[in-house]
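Both complexes below contain subunit A, partnered by subunit B and then by subunit C.
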Partner chain A sequence: MNLLRAEWTKLRSVNRWMLTLLAAGVLTVGFGLVAASGGRTEINQHPNFIVGPKGQPVLDDFMFVHRPLSGDGTIAVRVVDQADSHEWAGAGVIVKQSLTSGSRYALVMTTPRHGVRFRSDFDTDIPATAGLSSRWLKLSRSGGTVTGFESADGASWRELGRVAFTEGTVEIGLFVSSPPHRVVERRPGGATTTDNPTVGTAVFDNVTTSAPGRWSGSDVRGPGGYEGAPTTPGTLEERDDVLTVHGSGGIGPNPPDDDPVSAGLYGVLMGLMAIIAVSVLFVTSEYKRGMILTTLAAHPGRVRMLAAKAAVAGTAAFVVALAGSAIAFLVTQPLLRDNGFRPPAYQPLSITDPSVLRALGGTAVFVACVAVFALAVGVIMRHSAAAITTTVALVILPTILSIALPPAVSKWILQLTLTAGFALQRAKPPTNTVEPWANLEPWSALTVCVAYAATGFTIAAVLLRRRDA
Partner chain B sequence: MRSLANAVHAEWTKLRTTPSTVWLAAGSVGVTIAVSLLMTVALDPALCPTEATCQADPPTVALFGVRIGQALFLVLGVLAMGNEYGTRMIQTTLTAVPRRLTVVAAKLAAVVAVTLILAALAVAGSWATWSAVNGWAVLPHSASMWRAVAGSMLYLVLIAVLGLGVGAIVRETAVGITIVTTMLYFAPLLLMFVKNPLWQLRIQRYTPMNAGLAVQATKDLAAQPIAPWLGLGVLAAYAAVAILLAAALVKWRDVN
Partner chain C sequence: MPSIEVRGLRKCYGRTVAVDGLTFTAKPGEVTGFVGPNGAGKSTTMRLVLGLDSADAGQALVDGHAYRRLRHPLTHVGALLDASAIHPARRARDHLLWLVHSNGLPRRRVDEVLELVGLAPAAGRRAGGFSLGMKQRLGIAAALLGDPPVLMLDEPVNGLDPEGIVWVRRLLRSFAAEGRAVLVSSHLMSELEDTAGHVVVIGRGRLLADTSVADLLAAASGDRVDVLTSQRTEAMTVLANAGATVSASDEESLTVQGLPGERVAALLTDANIPFSELRRHRASLEEAYMELTRSSIEFGAVS
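== the complex of A and B ==
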């Protein structure tokens, strides 16, 4: 406790450092504003998506083998075979409000690599058990509810979930979908994204339904297709109660890849530079002025002293980054909204949304890890210019490299350097199509940051104990 | 004149005997060439089968290492002045050479001379790497490629001069390095997000790294945001302002 207080006093009493930390917060907000003022999107003027039941941008393209259903009813089927045309290709049973793309639905489907899923209305996704080659799927509509089931033998059914659904006449039947395969190329001078359509194939038998009538096949298609990608018309073959269906497209949420949360956090990069400088100087100036001798005389436990220093530097960085990025978020969102980041393509965000909180908290943890790492490098090198250059090189320079490299290579570089932390600024899922560091999962980015901080701290602790001060 | 020559000699000795200079010299050349090699190898050969049909702009790939290696050039520049203040050497320096502008001029001359050699090695090495990998003639054989190669060398020297100026203004290596690094690298990252054409143009024209590297362009010059030499001129203006302000501050400020 005394150690912590001593280190905090050292940090607090150097006016320049406190001013720099304050400046780090101001830079985070200020440059966030600069970036947000320059940001612009025209996606709402030229939409490549359709709007789902809740006003969100969605993708709703598939081959639908359907008949009308009024009132209660069920459909059950066995998926005999499904081609592995795309990891998220779907084949199964569906009830849909109408044949219009974007209308409400509930479905149970098999996928080649993600098992059986029960999904509805572009936001519910319930996974079931995976791994069986032959699958029985069932949907049952009763009043305003639809229930999804799966079975290994068609006799004993396991309930996957139930969702509220629209009343009145709906369409019920089978469907096949297969999203396009996306290829992103990045090289010096820019990136290109190409969507190559894929065609899914599935074979169904044992189709039983309470809905009367005959099957008819039709493609459900949004105006733009999958982000403007061409899709292939679906087909239906019916022979001896075996149905073979080809279809392409996908069903699900389809938000643009640009993330207004990380867009508002561009200033963190600037604030980070100031925090690196303070964290390094926090220890190298002790060496420069010989203060380290006094410090070690007062607290001979060197590792504990380093731990206290790291705790103080990390906490200060965390607080500054959290406050800075929270304010940056609040001030940039209205600006981004004016620049085109608004519904339906971009849903309004609140600072209390879990994804936003995760992005802000993750950013603060990232900055704290960099601060601890910078401090450790300062102990290892005992030279402020060398320590700052090294830390900056591991945070900033890989970003410049990754802009010009193919996604696979840049992902590999990012996973080896502290730049990975910028992935924590995103509130949306990872993607290859925007900033290169957006392609890391948040948890793997967090692992990289913590690993750097922990490794740096360990090496610094060992050297601090072994070396003469 | 004699005193300036002596001062330059003194600065050269200081630069030569500082341990960090050796590291920086080796690092700046090594990192530049290594990154250029990485980019050259990473380029899809289908994009650049022959010189005439190359879809990429060759110098921007071949000399990509300049974007990374410049960090060490700027550190060298900042340290040249920052070390004087960090070690209080400046008091001795100014006692020996009381004319302060002479000190700044001598420092500038020493830094330019040293970085010009390092930049020549780094850029020529990068270009030779590209030529070797792609089977091109070793020497650039068009005026625009000569411009890209020579301009990249000058670019690196100007970055070091910018570092020297900022180092003398803030009188602290840590602060100087942080400021110049941020000045350089923030803009290209900002361009990943900024889609407003007016802002894009502003960033590409008026920020030191983006404007300065325009000198590497050899294709579609009319479509570039800024002409090659003019872009390097923008960086030169940044460096000139920094060094002039530094000279004025060194002259008028108290040493401490």
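== the complex of A and C ==
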């Protein structure tokens, strides 16, 4: 505690450091505003999505083998076989409000790599716990609710979940979906994403349903307008109570790749440069003038002294980055809304949304980790200019490289360098797009940042202990 | 118990042996002068005592402890190594404030030591604008924060004006009078005259003398006697015939070695040679020091 007070006194008593920290906040907000005022989207004029029951952008393309159902009823089936056309390809049973893309639904499906799932209305996804073994799926509609079941043998059924559903006449049946496969191509100077259709295949038997009538097969399709998700037409073969279905497309939320939260945080990179400078100088200025002797004489416990210094630098960076990015968020969102980032493609965001809080907090942790790392580099190199240059290069170079190099390489760069931290700026789930860090899970990004700070600190601590002052 | 105890201390930087088997102590209630030419190893020894550099052999204890084990070292030893080692943008008061915090000392100590060294009016000024003398005062203030029983100052009068030098000397003497152990280094023996009661002289990292100032002077003076006479030539003949080594210091005086004072007086009286003064030769501290370090000066251009 004494040491923390001592190091904090050192930091706050050099005016130019405090001004630089303030400048870091101003840069974060200022460059955020500049970037946000230039960021424009016309996705609402040329949507590649359709609007779901709750007004959100969704994808709703699949091959539907259906018959009408009025009132209560069930459908059960065994999925004999499913092709591995896409990890999220689906085959199973579904009730749907109508044949219109974007209408309400509830389904149970098997997937090639993610087991059995019970899903509804583009926002509910309940995984089965039984793993991949269940091949029997069932839906039961009763009044205003639909219940999903799975079974390994068609005799004993396990309930997966229960959701509210619309009343009146609906369509019930089987479906096959297989989302398009995205390819990101990156060359120096630009990147393109291409969505290639995939075709899923599933074989069903033991189809039992309380709904009367005959099966008819039809594709549920969104408008598929400008850049809409590509699909190929589905097919249905019926032979001796065995149904073979080919289908293409996906069912689920379909938010645009661009993240308005991270779009408002472009200035963080600029603020980061100022924070790196202060963090390095916080220790190298002591080496430059021999003050490190006074510091180490006043507190011979060197590792604890370094820990106090790191805590002070890290906390200062965290506070500046958190305040800066929170303000940047608040001032850029109205600007981005005016520039096209508005419903239905972009749902309104509040600073109290958990995903927004996570993005802002994660960004602040990232900046704090870089500050600790910069301090450690300062201790290791004991030279201001060398340490600042090294740290800045370690942040900037991988960022440039990851954008310029092919996806397979940039994936590695991200997982091994501080550039991973930019993934923490996103409030949206990871997605495979032109910005390589958009594809990184926030948790693995956080791990990379903390690992850098911890490794840097450890090396600095060992050297500080071993070397003469 | 000695307040600074150095035993068999050795430190090499690469191939250079900076300190070579050094042993000495600094006792409470006394100013110990730590002298030697530039590059003799004084600063290195002080860094080793403060645990800043690690010794290759031997050990140094302060107040009975290895420095690195001290929890609040400023309350045991106050040290001034380099007065200009301060951040120029930091105010004098803030420089002392972080030191106070680091050792859990009361905040009022800042104003107390500023008052003591006469820097109170400059407390709010940035250290970058200080003269060297003011920086020395600030450094001494920092050393005094923990009211330590041991003080260790590296060349504290360097760069001070005559008034400042007098001030430092008086301060050091008063600390010793309060019972503190004071180790103060200098490359000029004359700076320590009238201040140090004890001197540790080193050259090329080795101990040359560890003795009281009085003994050092006596040893350098030897059994020499100064004689003031108008008949220099006659006196030299008489004394040389009696077996003494005689040298002429200047026109009127002789320095006689090898005969006690009474015998010199008797011989001159018997030979009817008048002399106006006869006294034991008193070497200056500087003279004694030059004698000791003549062979160990590493860098010819001692400032």
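In this text, the second predicted complex is superposed on the first by the 458 of 469 C-alpha atoms of A that agree within 3 Å, B and C clash if a C-alpha of one lies under 4 Å from a C-alpha of the other, contacts with A are read in each partner's own complex, and residues count from 1 in each chain.
Following the convention adopted for this analysis, a contact is a pair of C-beta atoms (placed from the backbone, for glycine too) under 8 Å apart; a residue touches a chain by one contact, two chains touch by 3 or more.
Note that the coordinates shown come from a computational prediction; the quantities given were computed from them, not determined experimentally.
J.: For A:L401, using the defined touch cut-off, is the partner it touches subunit B, subunit C, both, or neither? Pick first, second, both or neither.
T.: A:L401 contacts subunit B only, not subunit C.
J.: Contacts for A:A454 in the overlay, against subunit B (first) and subunit C (second): which applies, first, second, both or neither?
T.: A:A454 sits against neither subunit B nor subunit C.
J.: Please indicate which partner A:R5 is in contact with in the superposed arrangement: first for subunit B, second for subunit C, both, or neither.
T.: In the superposed model, A:R5 contacts subunit C only, not subunit B.
J.: Would you sort A:A469 into first (subunit B), second (subunit C), both or neither based on which partner it touches?
T.: A:A469 sits against subunit C, while subunit B stays out of touch.
J.: Applying the touch criterion given at the start, work out whether A:T294 contacts subunit B, subunit C, both or neither, answering first, second, both or neither.
T.: In the superposition, A:T294 touches subunit C alone.
J.: Mind working out whether A:A307 is in touch with subunit B, subunit C, both or neither, as first, second, both or neither?
T.: neither
J.: Output check: A:N15 vs subunit B and subunit C. Expected answer is one of first, second, both, neither. What do you get?
T.: second
J.: Taking the superposition on A as described, I'd like to know which of subunit B and subunit C A:G38 touches: first, second, both or neither.
T.: So A:G38 only meets subunit B here.
J.: For the complex, which residues does subunit C have touching subunit A?
T.: 47, 50-54, 67-70, 73-74, 79, 81-82, 84-91, 94-95, 97-99, 101-104, 142
J.: For subunit B, which residues are in contact with subunit A within the complex?
T.: Checking each residue of subunit B against subunit A gives 20, 23, 35, 38-39, 42-44, 47, 56-57, 60-61, 64, 67-68, 71-72, 75, 78-79, 82, 86, 173-175, 177-178, 181-182, 185-186, 188-190, 192-196, 199-200, 203.
J.: In the complex, go through subunit A and note every residue touching subunit B.
T.: 31, 34-35, 37-41, 185, 187-189, 258, 263, 266, 269-270, 273-274, 276-277, 280-281, 284, 288, 339, 383-386, 388-389, 392-393, 396-397, 399-401, 403-406, 409, 434-435
J.: In the complex of these two chains, what residues of subunit A are touching subunit C?
T.: 2-3, 5-7, 9-10, 13-16, 285-286, 289-291, 293-301, 468-469
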